[in-house]
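Report on the structure given below.
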């Protein structure tokens, strides 16, 4: 029962097959190979536009490299207070951007709104070079609370953001889950709604280690190759990243994988709702489930072999609070989650409640 | 009527006299001179302890160099959301520390409390290397809202901070004003209350450009000289900084200068309180006065030759808000402020209200 | 005929098999998995000592992360003027170390000697903080000229280096080739000869993308995990790196792979020596062959499908120089090089000389 | 007898007078004042062109800030192997530029030539993003060996440099001495000969702490104010820097000061030449004198109160070498050097030789 993170799975079989195929023979290094080209072609087709695409091996690199192309070292990036870039990536954004600042502009709510941005600019100082000026916004799709932004929501945010001079980055570590969740196209969820650069994650959704940085505004990519190289993220056997994306994108495989994760998450959420002492903290719209539960239950489940993390209590919805002896836990489903895993997990809960 | 900042004055005559005296003849460079030694001796006597002291020419350098000795590039510094280091020093703290992060832990209130720190640690992630860990706290004395921290308040804050593994930096750009305001010694307002490193500012309070970084915990200074040199802040004719501090500290001159600023601020606040349409936003405890006034009045005053800044509306006390057509303005008095300046300023206000 | 670089091959079949096996099922992320543990155990056995080992995906990351643990941002790293870290890794070392400097201490010769180090320290300024002080040495095994350092040579270098306060890094991108070339153990070629940290490369020698940073002085690793995370090099599905090393190290597979590369290089060098108008620039001791040839021949070979690079003329041995119409080219053999590739290559040369 | 450095003097009386005058009353901060404007006007007149001028307090800041406007963090700056920026400014250039690299392209000779640049580009790799690309050149006027570049020499260097895509920085810490030494105008020694940015130093030549960064190519200054602020080099009471330059430049005072230094250096060199056991290492063209002398004599002089430094033996002319018991020493004269200082110094030498 691995619900700790979608990075606890391996790669899907289809992805592994293409890796194995790509491994045969020799090829040019550094992305000058047929698999990388195939993957880029697939991305252009899926996103219905021309774009610049670059591959790296980690999500932290993908996000930070994108940001390094959007702001100068004396500028700032607005983001959600729960954003992965501010909570879970050490000070990588600062390092990659040469010292730019992350500014959290929300609290409590699961998603950023245009109101957060407006409020920021009403109070922000404009006396540069003294005040660091915000020049980019980063939003996460699906969000760190497991919520998805509709195209209309993205559009509303990016409109206000652009009126205030911000470039738009989307952390799409779980973009596949958002596409599978919404009845919208990848294009509608990105450039058609104002996103300039997308960090598209395959790792959590079925690849081994493959992330793409997609520049819909191609001129923003001007210095990308330099940033990637000097951060050590130019993979020499680049076809191996191209192969993962090729396998992952082929025949809507990526959506199928994400759909399984989402479906299992929805089902698990429903299962859990049936226990009246457990509380689902956020609507389950992608593949993450946040549950408020007795800390004793959490301990019992983990001791019984269920893998998951206690989560930052800061990620509770506004107005809610943990009571004494309660914890917030996060479950993440994946392409590899089976009915059996859910059933085993709920079985353990039942077992606990029977005896408590 | 220069109320824009205490950096709009020159140096006091006593400071200038010592500069002129120190200028005679030759001396070793880089701080190896009698004036620098005199200044350090004076600091030790005034702070009643042994300490490491280093001089630089700007407040931004003083603060950022201090922080560079307290945290690693992957760590964080807690501070007030209005802190000068986060609002007015571009991304200097990030640059000097190699990429460490500033984390604002308060909103609205004019000073940090131990509660802010506790609340931060209740929610903060401890999953390093993913979560950047807070390792230092910076507080400003007098605060950016013009308030002073008593020794008891500092002690309360630093006690909680140290229990959570934080080292303590004090931004003392207006430390002199705090000393003059409170019936406490420099020692009580710093190391005796748990401060590890003090950025002691003379520039705003009567020098030309002279700031001292005082390490009460001397081992924290281990790499200071390297940080100072590679940020270009090792002044070759170092005696010029030593001379300023010598002149400034001599015969409690620094306190006298600060006392004038404080006294004028208190008097000006009282004058302004007599206008019923004006509202003093924060108690005036040092040399800054925050006033909510009609924007039309603000414009009239500035056009009539009064120098001051409109201030970030974010610096209003909790619960208060600007009404339509109101602005928050900041007045700063200095050692050079005279009764006449106050009277002229209030005369202009009266003139405005007579005709409106 | 891929002689461009050993990164133009894929992974060996044995490595791929273990990757495929490791891909099954779920596992903890970030290196807390059985494959990573197996790989570390194997490294300890092979190097006959306790050590700290960390895996990353690129050689640039491996080298720069190692250096970031050896020097402060105001210090320097001595290296060969042809070192991969100074020629081929952009300014990654500067970024990872926070701004430390690379100082080339040799010219012309294919390897660093203790004399280079002595000469450096005879002339170097010691007036810190003004002069950046050298605190580490990086040597490459096999060297960028395709030469190997014997244990005695390493010992001579590291002895002088340590007497001068340097920590020792070895760039072992082709360490496997050096082990296969010399009758020495991995331990003799590293810690037994004074190496403190080894960047052990598997990528060029049969893996997909897998490099290990081995700390023989374990306390030097103190901050490694922070540097790795904030440079984006902590792979979430860490078992995939562990699996590559497990497969690569198993049953001396890594030596077998390197031996093929070396053997083919030696044979190819012999083949080429038979052409009297071609000149082998450096003794072929590992898997790189440097050839001075007519530029017209070089062009012919590349047009005929032979993959290789023209190389920096700076990498010629002291005293030699290219004549008009000559170029220096580099051929690299790999675990996948076959007799047929050599024969085809020499066939093309013969064809050229027949008609010229 | 202070011959240690020209930074061992104070400021000239004329400079001090203007500082004292400027200190009266209030003024806007951060360079928005009449003294700063006066100084900029004077610079435009003296350099016979429009330009962007910014003031800072140290030479290291002046050089590094200039370079931060010329190169990206992944690029390189060519310089002399004895350049102050590479020998005496710690790793400030790396910090300010975000990690760019300094590449020494000369050895032994006292000045850079166009040949050094050509040789560099004949060997340099152009395979970016792997190879860091050189994009700027920094030359020092007067040079670190005390030599001056004529306009023709500068023109020859910058022509080749620009053909290779380099922007040109001049470290003019002793630019005044060069102007006084050569029969050339400031314009001829800078922009008319191809210099893009000049770090013009007043500190060593009669100011307290005042350096100007002059951009003859104004668009290169685009981000200067951000770099200056975030490195802590924006002085709040900016008029104090403007005043120094105003006083220094007025009525050719700067040239008069430099001329005295140069004249005394020439005279001292002549005095010293009369001792047959002493050897002047470099022609004395500005205000530095390099002498090879018995180490015993050097010790005697220092014990007798003469201030000077032993210098890096690396700064000897090509082909020369110190014999056993010899040292290289550097004497620097200044605007404050008097005949008496020279005579006392030579008296000590005579005294030594009488008894040895």
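Going in written order, the chains are labelled A, B, C and D, and every chain counts its residues from 1.
Rule of thumb we're sticking to: contacts are C-beta pairs under 8 Å (C-beta built on N, C-alpha and C of every residue); 3 or more make two chains touch, one makes a residue touch a chain.
In this text the structure is predicted, and so the values were computed from the model without any measurement.
Q: Which chain's centre, taken as the mean of its Cα atoms, is farthest from the centre of chain D?
A: Comparing chain centres, A lies farthest from chain D.
Q: State the pair with the higher C-beta contact count; candidates are A-C and A-B.
A: When A-B is set beside A-C, the one with more contacts is A-C.
Q: Could you tell me the distance, in whole angstrom, between the mean C-alpha positions of chain A and chain C?
A: Comparing mean C-alpha positions, chain C is 35 Å from chain A.
Q: Centroid of chain A to centroid of chain D, CA atoms only: how many Å?
A: 52
Q: From the mean C-alpha coordinate of chain A to that of chain B, what's the distance rounded to whole Å?
A: 41
Q: Find every residue in chain B that makes contact with two or more other chains and list them.
A: Those would be 73-74, 89-91, 95, 99, 128-130, 226, 229-230, 234.
Q: Note which residues of chain C are touching chain A in the complex, please.
A: Answer in residue numbers: 2, 4-5, 7-11, 16, 19-20, 22-29, 56-62, 64-65, 89-92, 94-96, 203-204, 208-209, 226, 229-237, 239-240, 307, 336.
Q: Residue numbers of chain A touching chain B in their complex, please.
A: 73-76, 87-91, 94-95, 99-102, 122-125, 127-132, 312-314
Q: In the complex of these two chains, what residues of chain B are touching chain C?
A: Residue positions touching the partner: 72-74, 98-99, 128-130, 223, 225-230, 234.
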